[in-house]
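Next up: some structures, all given as structure tokens.
Across the two complexes that follow, subunit A remains constant while its partner is subunit B and subsequently subunit C.
What follows is the complex of A and B.
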């Protein structure tokens, strides 16, 4: 049964990437005027990040095979102008009691909502490697954004280390842009990719693109090694190279002046945590994620998730889940939505789920590296906490879970609030305790979501 | 079923309970400490970390002095560093009228052996140049300072274990009953513990326990509103608090050697004893900014990276309950420290151990006896 229609419900969408854009678009189509909060300046999110004003590179240079999708998303976002309450360069820094706190230009406003859609995306997932905090080491996503948004490369001779489809895509993009790619070093063994083929075949076009990037690199004699074990990133004031064991156990070194490092992506879940959504351990992602129903409803009434912030499924799936979340919001607000629309979106989402299983099989998070990390390797770069100090919280101080380890050692207590070190730190702690990673729990989220200047004024 | 007998069962593993367990062992008594979660996980672990004596209710000063003496011996006594820095505690104010209150307080506490130095505006800025010109005067307690609350109670807990105490974490007490000469303390999961003496020091949850033991106390819970900045150059050595007739001016702050500035105060927030959660209120976080920057203007260039709260117990008269039960022989209390228990903790542990072991204590704590509420609650 439909509930009575509310007069003018306030729907807030956090994020203006593929998920947030499609959510807003669908809400506008239903006659609503959502508030759209964007940390960026012009919609598009990270994957379809736009270049600054005055930059004139064509879309095919920026987005490659995805140029059509990027252009369409930008066009559709821009078409919403005037029909959404757009808040660019705005940080949703806290959430409490049905209001989201938005900071922009030194002022913070509390916006009460009837429905809140979190389309907060993802960040690089990092497994520490000895030397990873040296200047010249960048997250893969960061390396890609530098190129995409600013036309800057992280170095002239770049080594890409980690795993996941982004490793090959960014290496390809760098090579196309004129950087010398010294090597692509993948911790996932080749055999895993074969095992994943049936699931990856759920999205043949995506699979083909992935194979194209790897083939393109190989054809240009870029060393592409799979099944590697990272030993260290060398250098003093700056990166000079990467040492690894190859899949046959031989020590190899690749020179370079920059490293793009990344092991897949992790969902940004802080706002869902502050909204007190219930989380569950996702064995596939090896991350605690907010529970949702198929349409994005969380355990907190009125709070919805869409896009990579809910599950790492990529940009296409984010557009689908963004529309689905909008449909869920509309239904819960008592607005009509055809069953057929929801069924179609759910169906589209399922193929993407299957593909994700394939990706996680092909490019697993290298858990084994956490246990083998040398004691003097920094895990938490904000607070400079080493693997040894973290292990000591378990062995000597009796920390049975991550929040206790944080209290004792400051791991995850710095500027990033555990967003970068949290997952690796949990693996290090679990390995030290000899327990499954899910039993060491997850760091509790605390506002602000990102650092907030003390000059911020309360605007009522 | 688990369980065992001891001279004392301690209910609640905050700083009070952990310190008492430690000091009981030093007096040769056996002790079992039962903690629902982890040692020092609630208010003991998330408070500001002030080791402050000035500004207290005067009859509390002998206890605070005894605690301060123990703070000075902590690394040796418990074998772990808890980042206690005796670099001073300074109270500042923004008006001449408030300065007069600080001066009067300095005279009052001298009788208790606490020497404060009153510093006027110019001399204050000569010595502590980060203070705003708005600060009119300061009252320096040179031997006080601050420590890391996340470390102190767990360190006492581990020291107690090393000294022979039994500490059971993840063990929730469900009932306390006197059976014959002994108490029987039952825990979730079927544990039964027996002792002739029980100490209830379960913080924000002690009000309910006392009521169930027949000694209701008017009791509320509140959450302090805390935040911390990103690391900044290390400049501020003493712990700082504002004295003002306007409570919302009452910010306190300290800088850890790592560089982060920890602060709180001005407002209390809601706390939820039932769900064991308390939240920093973002509206308060924003209101605190101007108050903070008014004390140390350079902090207006900082950014905060985290906020938090905790669940603190407040008896109706804003003073703790410390001492024996008025109703049940063998039962003792130490709870309701109203957000100012951290400094007292080691002293409370020492005093409770002395009281339980000898039947008396050399430190006067009569003002905190639970019987003061008997008339009010019938």
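What follows is the complex of A and C.
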């Protein structure tokens, strides 16, 4: 009698950026055929996002110093064709009972999995600034995508406001591509960068690149100010300028018709929440994040995390953690993986974690701005809820944590599901209550994690 | 008045025409709907809470602030939808979806 064929386990990977690509590649190398789900049209993710067909700029124009890594990732992803069950332009919108629900072209289907790797990446992290909902204000990563994927600048005269290494990188990329950069306005004081040097030295090449961008801008007399306090983004139907206090407390204004706004990145964790992974407050990120072991296993058996969706460590670390998560999946499925491979990957990840500490020291999330936001500043751009309305949920309605505040004020109830107001809103609420931000909790994720058209058909 | 976005390259692409609120908008093949609209104008839609025009924010399909509709009432994220020649969109009034 023939031996019954054991069905091959179904592994679903969500995301086809650096983490998801390396996870899929490692699983394929072990003889599996993973389902790879991605909202993008082609592999690469946001960091190595590819331009549309018919665009002709070379990789060095698009990705600069990272062109080699981007090209390698694209090549390796494309080489998986036929060996993965690839689902591009597909939204993983819900997880339930061991199945992931996928929507594409107005149709939703459920795929049961034995293992699920969430490589969902990150978005810009935003602290509201008065006027930030005006046309012409875009996320910093978004400003980079406009250039990379569409060969456009977000405006004719661009001000970059926020903090983090991306602020300098995008300003440099804009100026180099021929855009007019009016100013780079960083909320982090210069002294923090000196304090961070020992940790940043864990990745000398990355540090050198960051210093190169800042130096390049300074050499071309682009105003670069550190330690600023944003006062407002002026304009009516569109942006006309940015007002700040400089590090000496002087009011200054920079004209411009566009603002790239970003204060670092935040992990996309909604699906991990739906998978019922246990979360813990990460004091470094000041974000509630799913707990994982060093290889990406969550508290939910069969669910793994990789890349910036687990914690913000950047693209190189995402490739490492993607491979590690694949190794963890394989071991848990009873497939052999050499100890040496796992040890090597863990070791590679450590320097990146140390560097990450340095970045948080150099470019901290500007908590102090939340308490000082004027009452009429919009915090939740989906539902146009102001800082004052959010504070009243604490002072008059007694909301002790963010979900109650959401029920009272609708902060986080809009179409973005708290992606752009959640972290800042928690800081505003905590400041109003006079408590640490971890004690106001986190907004719970809900399916669908992004809006589905009401006409979506659901396969049984 | 110019648009919000400035094209810096990739000019050598076939032209595409779409219709937005009844008016023809010239775009280039490969543009997203957001780029097509903001290369010519300054807004994508109006906030339904009366706090003014919006032009999107994240450009990565996460914030949902760039919502526009086909004339048939299907919503789309302008930042992640490529233009198609002859596409007909509305931005000022949410049409009732066809059954």
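Side notes on the structure shown:
What we mean here is this: the second predicted complex is superposed on the first by the 452 of 460 C-alpha atoms of A that agree within 3 Å, B and C clash if a C-alpha of one lies under 4 Å from a C-alpha of the other, contacts with A are read in each partner's own complex, and residues count from 1 in each chain.
Definition applied: contacts are C-beta pairs under 8 Å (C-beta built on N, C-alpha and C of every residue); 3 or more make two chains touch, one makes a residue touch a chain.
Keep in mind the model is a prediction, meaning the values are calculated, not measured.
Within the superposed three-chain model, A:142 lies in touch with subunit C and out of touch with subunit B [touch as defined at top].
Of the two partner chains placed by superposition, only subunit C is touched by A:56; subunit B is not. Contacts of A:419 after superposition on the shared chain: subunit C is touched, whereas subunit B is not.
By the touch criterion defined above, A:456 reaches subunit B but does not reach subunit C. Of the two partner chains placed around the shared chain by superposition, subunit C is the only one that A:156 touches, whereas subunit B remains out of contact. Greater residue coverage of subunit A by touch, when subunit B is weighed against subunit C, goes to C. Judged by the touch definition given at the top, the superposed model places A:110 against subunit B, while subunit C stays out of reach. Across the two superposed structures, the residue set of subunit A contacted by subunit B and also by subunit C is 383, 414-415, 451, 453-455.
Within the complex, the subunit C residues that touch subunit A are 2, 4-10, 12-14, 29-32, 35, 39, 42-44, 47, 49-65, 67, 74-75, 79-80, 82, 97. Partner subunit B is touched in their complex by these residues of subunit A: 93-94, 96, 101, 108, 110, 383, 397-398, 400, 404, 407-408, 410, 413-415, 417, 446-448, 451-458.
Those residues of subunit A that touch subunit C in the shared complex are 39, 46, 51-57, 123-124, 133-139, 141-143, 145-147, 150-156, 177-179, 237-238, 257-258, 268, 378, 381-384, 414-416, 419-420, 450-451, 453-455.
Listed in rising order, the residues of subunit B touching subunit A in the complex are 38, 41, 45, 150-151, 154, 158, 229-231, 258, 279-283, 285-287, 289-290, 292-293, 299-300, 302-308.
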